[in-house]
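Each of the next two complexes has subunit A plus one more chain, namely subunit B in the first and subunit C in the second.
Then we have the complex of A and B:
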């Protein structure tokens, strides 16, 4: 597979911030909040992180793949899509929707 | 390459002579010349290879931070000229005998960026995205922040970062 894109599987992401902190290019931005969830039968509610936004700035990304390696839940993976050509820097920052829809992990 | 690489560190004043001797011994292919910032000194390294690629030779020398001057080996290997100019720009080493014209960076750009004591300005003016922590919310309201200790970006020296 060509390593030309980093795709996000948002359901697996726990907002642990490891990818953001390990990224040498500082190109990942993640926003999340904590919510309390009460499971049926549980004695007390548990706290879970909810992902609000996840952006990769492809104008900074150098495709080192450290984020893919470091993710403990395999929420990031290599993909063979080409990441975009644009004449605007803002277009090179991709959010959850774009990072997910480009993902063709079925192949 | 089935290299059995020999390595040698030589004093600065015998640099040109030693590279010449090694070239005469059959290591006639210039691979690369580069430098490493070892904090207390700068190490200049050249890698020479036998023309049949059977063996290679690494010669290094130490330059003190106060005197970053070394003889150019451009007369032995013309291709080394560009490598020396690049090392000159990136580490501030002056190669005597090479014209040392800027190769990659603009003339007005200041200090050599690959020296460890040079602050990378982007790391100071950019906010580190890893400093963010999930906020604890109840009914959509922020009620607390779980961070107890401040996270630091890996690799960036403490003195570079804003308070």
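Then we have the complex of A and C:
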């Protein structure tokens, strides 16, 4: 497989920040908040992280794959994708929707 | 100086100055090895290239030399090839590295990658050529 794109599976992401901290290029930006969830029959509510934003700045990314390796929940995966070419540097930063939909279109 | 032409678009010629800024420059040779570029004989330098490719790490020390080349060809559009030329790449926190050539010159197209793949180089060239730049 050609390692040309890192795709996000947002349902698996727990906002643990491991990928953000391990990225050598610091090209991942993640934002999340905490919500309380009360399960039926539980004695007290539990807190879960909810992913608000997840951006990969592909103008910085060196495609080393460390984020893919360190993710404990396999929320990041290698994907085949056309080359990222843009006339705007800002457009090389991809958010949740773009990181996910590219993933869907490749499958 | 090495000259190539695009295999699928022979009117587009690529001239490589053998003074690469960094490793991204090697992707041109990789494209040639993969058959995407075909070598052309002849040594003359094009008097008015329509596209200039900045590939590799631009350091503050080398920046004047790079800008001098850009100023020589005011008609040429710039391609920022790879993470270093675009944003400093892996050296984004290194003081002597220029964090993006676009601080000093208008860039027509950015190619992401570290380095980008050879087919990305060809795709970006065709992208520029088809957007109105005479090859």
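The rule is simple: the second predicted complex is superposed on the first by the 102 of 107 C-alpha atoms of A that agree within 3 Å, B and C clash if a C-alpha of one lies under 4 Å from a C-alpha of the other, contacts with A are read in each partner's own complex, and residues count from 1 in each chain.
By definition in this document, contacts are C-beta pairs under 8 Å (C-beta built on N, C-alpha and C of every residue); 3 or more make two chains touch, one makes a residue touch a chain.
Source: prediction; values computed, not measured.
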First (subunit B), second (subunit C), both or neither touched by A:20: first
Which of subunit B and subunit C A:4 touches, first, second, both or neither: second
First (subunit B), second (subunit C), both or neither touched by A:87: second
Touched partner set for A:100, first subunit B, second subunit C, both or neither: neither
First (subunit B), second (subunit C), both or neither touched by A:29: first
Overlapping contact positions on subunit A, where the subunit C interface meets the subunit B interface: 24, 26
Of subunit B, residues touching subunit A in the complex: 126, 128-130, 132-138, 142, 146, 151, 153-155
Residue ranges of subunit A touching subunit B (in the complex, touch as defined): 15, 17, 20-24, 26, 28-36, 47, 49
Contacting residues of subunit C [partner subunit A, same complex]: 80, 83, 86-90, 92-93, 100, 102, 107-114, 116-117, 119-120, 123-124, 127
Touching residues on subunit A, where the partner in the complex is subunit C: 2, 4, 24-26, 57-64, 82-89, 92
